[in-house]
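Labels A, B and C are assigned to the chains in the order they are written; within every chain, residues are numbered from 1.
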Amino acid sequence: MSGSYAPSGEQVLQGAELAVAQINSQGGVLGHPLKIVSQDEGPTTSTAIQAAQILVTQDHVQFLIGPYWSGDVAAVMPFLYQHKVLEVLTVSAVDSFMTPPYNAYTFRVGEDDHQNALLGVAFLNMTHAGTFVYLGEDYLWTHEVYNFTLQMLPQYGVNSTLLWAAYYPGTATDYSSAIARIAATHPGAVLVYMSGENSVDFIKQYVSNPATRNIPVLLVDTPLILPSYAQSVQAAVPGGINYVFIGAPSDYVPGVTDKFFALTQEEYGYSSSIFAPDAYDAVMILAGAIQGAGTTNTTAVARAMMATDYTGPGGHVVFTPQHTPVVGYGYKTGTVYQVVIRNGAIYDERVWPPYVANFTAVNPATGQPYR
Amino acid sequence: MRNSEGARDELMVVAALVALGIAAFAVGGYITYIMMYFFAYSVFALSWDLLYSYSGQLSLGHALPFGVGAFAFALLAGALRLNPLASFAAASLVAALAGGSLGTTTLRLRPAYQGVALLVLSQVFYWFTLYRFGDEGISFPQVLGPRYVYATGMATFVVASLMVIWITNSNVGLRLAAIKDDNAAAMAIGIDVARYKILAQFLSAFMAGLGGSFYVLFTMDANYSVFSITNSFFPIAISVLGGMGSPGGVLIGGLLLTALTTFLPAVTSLAVTYLIYAATVFLVLRFYPRGLRNLLNRAGVKV
Amino acid sequence: MPTAFIFSLALSGLEYGLILGLMAAGLSLIYGVMGNVNTAHGTFYMLGGFLLFLFSVALGLPVPAAIAVAVIASFALGMAVIFVLPANLRIAASADDANLIMIAMLMLAIAVEYLLDMLTGGTTLPVPSLAVGAIAISHVAFTYQGIIAAVISAAVYAALAAFLRCSRIGKAIRAYAQNRELAEALGVEGSRVVALAFGIGVALAALSGVLLTPIYGVNSSSGWDMLVIAFVIVTLGGLGSLYGSLMGGVIYGIGYSLLSYYVPNYTYIILLAAIYVIIILKPTGIMGEIVEKF
């Protein structure tokens, strides 16, 4: 929870805190109040491993809301498995982790890479882009999403051709060559999978280039959904933030999500978040499973988790045999927002899925709605 | 120079640390991890100090052999599931070969340039392993029971410390020290400078490899951050803090800095941890530029 | 069309490298005078960006004024650092001392990094620019900030060269760098020269920071990346040579721009491996003006 991914990590913690407050106000779990012990996973996998060691051997933690980073998740898995710690992942999305033996004690609640890919596919469909470019930070999850995207395009009947794909180190801040290449190859849309502040750096450079700023761009998992980041882009490039799209692998459930965001607005000052709802759901689901198992023995709780059928601010969660959430309409999909400026204020307007859309997506090049 | 009394006090320090290690194991919990980090980093620091104080060669990229040992072990024991102890030895040898031969290419450079060359080289490994193995690196399920892991760490620590103490108190040590002080004079009295420098490079790389291999043995993960600049500077900080040229001092410095960076994150934020770490080292250097060994010497422990 | 595009890319790299070269020139100057590699150099780049943000966004100064204050403050901080060190450590009399100073500076760098981390909460700061907007030349964006920054850098280079060649203080610095004992015998005061050189050196790094961070942002880990880049440029151009830093910066910038377009994943690997080979074969760099120490 330090470094350039800190704001996103903070949201995970805050979502969890809201759930804990809720549970404790209703008597806790098995008669005991729930308590959060948190540890900063730090800037490297080495610090993440150390954080896990502290939590497990010093604080005797048995239930863990997993690390934010897919790299850190992979790195701490052997240790957590050794100590039979039940881990619920709400962020790091890589499917390839969810295999035996490790997934015996690991569950994923949100942000499955199939959702991430679905967002890209939906965006390409919405924008009628005949060609697209795929950019990602160079981590496991983006490569997986890439593969899933190519698989899912024909499955959903979307006719869009990949022009080229490129991956950039997560710590990169200079995207001028990528943007120059986009300008030169002129795709119909651009998909960007960068989950930290690097996405904000990217979009600033993207919208300041006159040759690229009108090509629709989808940023998935980005902290740009928070008002402060959108404002910083607006300050750097006035008018540039208009018509940037955000993909959030967090669902919108009418009524339920609204109530949750009213709470986050009151407590933390934001009413959109990709990470808080899933963290909230993770804690609720975990508490439910512990209650159902009647014990804190992690093996028993893991079994009880499989009976989960829960709907919360992040969507409807049912686990597959691999311990991942079922992805699709009625279960987990995700949401696409368009960033717009109206009367000087910045709004994240929902444009997809159609049944939750409250705003019609507008084509940045023409200023008119898509079809 | 060194004498048998000096060696005796240094051995006392090693013995005290072994006792500490046993006590920590008896207590159990997180403190065993703190000790394991100490085993890995103290061996790493000793390897750097050996190269610098005993042959005058500066490496600002000593994370290179440490990291090579780390990845070699992860590949052999983790990915290929070969015998863990054999992998441990093999990985250290690989580190010796890689670090030693690459280090030897910088033999003729002045220390400042040598330091920068090795720094740059370690960064090549950094970016390469990041690209090749990704952010998560190579992680693998435990290959050895926790008790045996701890014992391996302790054994490695003892062997490496004894090795360095023996070298520094022997003829080899005398010759290396002569080289450090004055290349030309050493050559004048017949010491084959190049040969000893190369020997030091390989030995140092081997020891760093031991440190790296053990580090991965107990963390069960080798990732690119092992080649970071801060990791290259850590053994230097330990050596400077403890007292360059003094194995006993380096060990005490290693204990202090390892304890700081592993214990503090458990009670405070990472930012405060590193602030305290930086401030501590800075203040010690300000008031004890020759390192903690001076304090120890004044207390009667000649290291 | 492709040729124009490549040329544009190279031009963009030239602009970038020119500004980075300033930072490297600072590192070179410090080495020349102190005989010590400033491990906190990247930190001052970061500090420049941070101070610019602080003075303009937090305290409300207009951007050009905030830039000036940020650079001057960095200069003052640099001199303060030297005076905090004990007298015998200000100048590295031996290789051991050089190591000591290097570690002390490193600790400073770490402390500043985490201090900034605590103050900013780890986020990337949006540093305001002198000018907003960009033009595209053959699809490559040239921000107005970047163009202005390149022009300022060129002017500062010229000013620096003139300062070192013609001014009294500048000559004293050069004399001291070339032959310490002789300079001191002629009345040049060591401590003052070191403090001034260090101050100027880190001020140059901070200037690089105020010019580039509006384009690329700044966060608490920017320092380390910049340190390696500074090392690379100084190696290319020769430790101790200011003209070399300029040339080295330009070569680095162009190389980086082209490589990161064609082989983004291998950019640093190729650049760093090339630098290693250069050090082994020609340690004094492309125009090594050798001011050797140890």
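Quick note on the criterion: a residue touches a chain if its C-beta (ideal position, glycine included) is under 8 Å from a C-beta of that chain, and two chains touch if they have at least 3 such contacts.
Because the structure is predicted, anything quoted here is derived from the model rather than measured.
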Centroid comparison with subunit B (C-alpha atoms), farthest chain: A
Top-ranked pair of chains - ranking by C-beta pairs in contact: B-C
Geometric centre distance via CA averages, subunit C-subunit B, whole Å: 31
Separation of subunit A from subunit C, taking each centre as the mean of its C-alpha atoms, in whole Å: 37
Where subunit A and subunit B are represented by their mean Cα positions, the distance between them in whole Å: 40
Multi-partner residues of subunit A (at least 2 other chains): 2, 138
Residues of subunit C touching at least two other chains: 117, 265
Subunit B residues counted as touching two or more neighbouring chains: 131, 228, 269-271
Interface residues, subunit B side, partner subunit C - complex: 52, 56, 58, 105-106, 109-113, 115-117, 119-121, 123-124, 127-128, 131, 228-230, 233, 236-237, 240-241, 244, 269-272, 274-275, 277-279, 281-282, 285-286, 289
Residues of subunit A defined as touching subunit C within the complex: 1-7, 43, 138, 166-168, 171, 173-174, 176-181, 183-184, 197, 200-201, 204-205, 208-212, 232-233, 235-238
Residues of subunit C defined as touching subunit A within the complex: 5, 8-9, 12, 117, 121-124, 126, 128-129, 132-136, 139-141, 143, 214-217, 219-222, 225, 257, 260-261, 264-265
Subunit B residues within the subunit A interface of the complex: 29-30, 32-33, 130-131, 134-137, 139-142, 219-221, 223, 225-226, 228, 262, 265-266, 269-271
Footprint of subunit B on subunit A - complex, ascending: 2, 39-40, 42, 44-47, 49-51, 53-54, 57-58, 69-79, 81-82, 101, 138-140, 169-170
